[in-house]
Amino acid sequence: MKVRLEQLTKCFGNVTAVRDFTATLEDGELVCLLGPSGCGKSTILNMLSGILPVTQGNIYFDDVEVTRVPPDKRGVGLVFQNYALYPHMTVRQNICFPLEIQKVPKAERLRRAQEIAKLVHVDALMDRRPVELSGGQQQRVAIARALVKRPRLLLLDEPLSNLDARLRLEMREEIRRIQQQTGVTTIFVTHDQEEAMSISDRIILMREGVLQQNDLPQALYNEPANCFVADFLGNPPINRIEGVWRDGSFCLKDGSFSLKLTPDSPIENGRSVILSIRPESILAAQPQDAVFSCPVSRFYAMGKEEIAYLRFGSVEVRAFVPAELDLKEGDRLPVSLRGRGIFLFDAQTGGRLI
Amino acid sequence: MKDKPQAPDQPRRFRAIGEAYLYLAPFLLGLAIFTLYPVIRVFLMSFQSDYNYLNGTYAGWSLENYQNVLTDPKFTQAIRNTLLYVLAVVPISTILAVVIAWLLNRRLHGSAIFQTAYFKPMVTSITAVGLAWRLMYNQQYGILNYVLSVFGVSKIGWLTDPKWSLPALVIFGIWNILPFTIILLLSGLQNINELYYTAARVDGAKEGRIFRRITVPLLAPTIFLVCIVNTISSFKVFSELYPLFKGDPGPVYNLYTVVYYIRYMMMEKREYGYAAAAAVVLFLFIFVFTMIQLFVKKKLRNRS
Amino acid sequence: MRRKFANSIAYLVLICGAVMMVFPFLWMFLCAFKTHYEVTQYPPQFLPEQFSFENFKKAFSMAPFLKYFVNSLVVMAASVICTTITTILGAFAFSRLRFPGPEVVFSVLLRLMMIPFEMLIITNYTTIVDMGLYNRLPALVLPFVSSIFYTYILKGFFDTVPESLYYSARIDGASNWRYLWRIMVPLARPSLVTIILLNALSSWNSFMWPLYITSDAASRTLPYGLQVFTTEAGSSPELLMAASTVVVVPMIILFIFARKFIVTGVARGGLKG
């Protein structure tokens, strides 16, 4: 099912939780709503499910307006962060519950529950109660319960945040698999960028109730629309260097470092700008290929690579260097820069310049 | 100024207000008829002189009921008896209960059996056990006098001698209220962190000392609350009288209590105004103690 | 060594206390089986010569105890059913549904809780008489149908159920009504059991209100019936003890099986607010 949100706004008293949110989800897509906590992503989810009334704007499911349709008439499945399994019912009863409400005949109910349980791999646990299940199993049951009524839209509210790190990896692949097998349009809320990058078709990044960028995961990473997007994505985080634009170059205010860049449209001299460089875009080079060389101040080992802190004039930046280089503190490292992963933003607006 | 629709900031109200009152209807209806209305009514009635219960007429508004009740020797006797009863039952039962609760809290073997034994009077009809006490109190063949005779005490007319009737009532009252008191204190004890005891034991304190210096002070708020709760319930002493004295207020009509007086005025004298005034007096007593209770609770909550 | 000594002292005190607490019951049961001569002789005889149910038969033939027993059961059942339903609905409304000023209403109710029933009895008596229910069993149920205390306990439990369960059920299409009975009530089983037991006990043992509101044998419940029996059998303690045993034993059995629920319920009741 196609979902369209048009200028959706939600106010709690004087606080605006979501402002003028417009986005479209194509049928069968898995879209992540990503952003720091309190950015309004769960609010959007709750408005989509119908739990929260909308202040302004409209929601369309397949071009039919549902803004004021009560939750049970929307045909959505919602999985809560704490799973909200009914503790007094067995797994089977939990999964059957939505069908029971819809007055589906008992035989049909059991058949569908069995079918969906098989899909999410809990068919061996049907007679257990939620307390007898692990976190990951509870998660699967919650998804099964949301899917059993064949929703047109599946909403997942931070579904992995109550799981430990290893299970989280396993479950996010599972969610992707289940989503692809059922083909249900899915919205997945998370504050974990890695989670979002790894499973979604598209990511909508939000900040303080406002949509920042709605794009493919890689596009979000490689072509951030603004400084916030660039800062939010990437681990280790992007290097953020504040300075000014002077004569076709980015310069530190104290003049200790400058870098020549070619903008698409001219930038006036003296404008405050932010240079953002992804750590992997700074490469250790042979001396003859180097753009410049800089001192190494300290290291961290991270598996096969090392993170080196390099001094660009008076500022320190992170870069990945191969462990074989066998650097020592104080060495000068010749570096070159990749074309990708280097951005320039306006310091005031955060808008992208390069 | 933009025209902005005011939206509710609470989760969706599912057919809210009407439905909520539908759910509340039986509860509120019962409450209105059998609690709210009677409270107001009894206050009003206590100021209506010469209230006629047959047709609901009255002569006028006055303090006459209060004047008559407060000068009625039966009522002053009732107040005196009730106060004496409270003053005897509450401290004695509390002290006994502290000791027993403390012992029960030591997690000895068979504590379930002990609990069953101690708590039984709480679940049984006061009338039925009162009759058993009546038999035990019997002057001629009661087992109580027999046990006392072993210690050389001559037969006491517990239920026939006006001098002994109040003590008989008090002993029965203590026995009756003890389980409830123990339960409250036990739950208070169970809320005390084990660490305090362990720390004291590490410091080499002996059991008796731990009891006096740690258990009792930490239990003090609970003890106080228990005293208030028991004071309030002892003020209402009534049902205890019936089985002991065959429905009379003592052997020579010397054991009126406030609640018994209310019944007497209502059912025998048919003086509803007097009964109402006596009920308001009872309420005032209870009100004062409830206020103390709330005040202390608030203080305790602020402290913790 | 010291510890052992202290423990044996503790046992000794506890056992003495337990004997004193249990003795009236024991005496009641023993005397219920004694002959008139055995009960009234001095010094008292501890055990009856032989255990016979003669006294029970006699007591039941002298007064309609079977009728009293049935009345007590009916009143208890009706009281438990009505009060529990009222309490469930009220607690759910206070806990989950929205209406103007629930906090205010609820704090007023908690204040009302301190009003003693003894004070309401005058008006309730006239109300029941006006309703034409004097001497009829509904009179013994109606005034206790709305219990602030039970509602308070149950609301406290309902408040602990996560909201997400509610929304989850709503999205699945369950109405408030369905959610209440299908999810909330089964979850609240321990609290409900406590409420039901406390209510059953107080209904079964209720004495003062029946004393006011019933006057003939057809509508008497056991405790009041027993009190009336003292005028007929006042000089036959063995019959009174047999009748008392009938009143007491059902609740003792109930208590033995449900001690935990009753004790926690009473503890909460005493320290409420």
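A, B and C label the chains in the order they appear, each numbered from 1.
Following the convention adopted for this analysis, a residue touches a chain if its C-beta (ideal position, glycine included) is under 8 Å from a C-beta of that chain, and two chains touch if they have at least 3 such contacts.
Values in this document were obtained by computation on a predicted structure and should not be read as measured data.
Enquirer: Could you tell me which pair, A-C or B-C, is linked by more C-beta pairs in contact?
Expert: Pair with more contacting C-beta pairs, B-C versus A-C: B-C.
Enquirer: Report the chain whose mean Cα position is at the greatest distance from that of subunit C.
Expert: A
Enquirer: Using CA atoms only, can you tell me which chain is the most central one in this structure?
Expert: Centroid comparison flags C as closest.
Enquirer: Counting only Cα atoms for the centres, state how far subunit A is from subunit C in Å.
Expert: 58
Enquirer: Using the average of all C-alpha atoms in each chain as its centre, how far is it in Å between subunit B and subunit C?
Expert: About 16 Å separates the centre of subunit B from that of subunit C.
Enquirer: Where in subunit A do residues touch two or more other chains at once?
Expert: Within subunit A, the residues that touch at least two other chains are 50-51, 71.
Enquirer: Give the residues of subunit C that touch two or more other chains, as numbers and ranges in rising order.
Expert: 167, 170
Enquirer: Of all the residues in subunit B, which ones touch at least 2 other chains?
Expert: Within subunit B, residues 11, 14 contact more than one other chain.
Enquirer: Over in the complex, which subunit A residues touch subunit C? Could you list them?
Expert: Residues of subunit A touching subunit C: 49-51, 71-74, 76-78, 80-82, 84, 86-88, 97-98, 101-102, 145, 149.
Enquirer: Sort out for me which residues of subunit C touch subunit A in the complex.
Expert: Touch list, subunit C to subunit A: 162, 164-165, 167-174, 178, 182-183, 186-187, 189.
Enquirer: Hey, which residues of subunit B end up touching subunit C in the complex?
Expert: 10-11, 13-17, 19-21, 23-24, 26-31, 33-39, 41-42, 45, 53, 96, 99-100, 103-104, 106, 108, 112, 114-129, 131-136, 138, 140-143, 146, 149, 175, 178-180, 183-184, 186-188, 207, 222, 225-226, 229, 232, 236, 238-239, 242-243, 246-247, 259, 262-263, 266-267, 272, 275-276, 279-280, 282-283, 286-287, 290, 293-294, 297
Enquirer: Which residues of subunit C touch subunit B in their complex?
Expert: Against subunit B, the touching part of subunit C is residues 6-7, 10-11, 13-14, 17-18, 20-22, 24-25, 27-28, 31, 39-44, 85-87, 89-90, 92-94, 97-100, 109, 112, 114-116, 118-127, 142-146, 148, 151, 167, 170, 176, 201, 204-205, 207-208, 211-212, 222-224, 226-227, 230-231, 234, 237, 240-241, 243-245, 247-248, 251-252, 254-256, 259, 262-264, 266-267, 270-271, 273.
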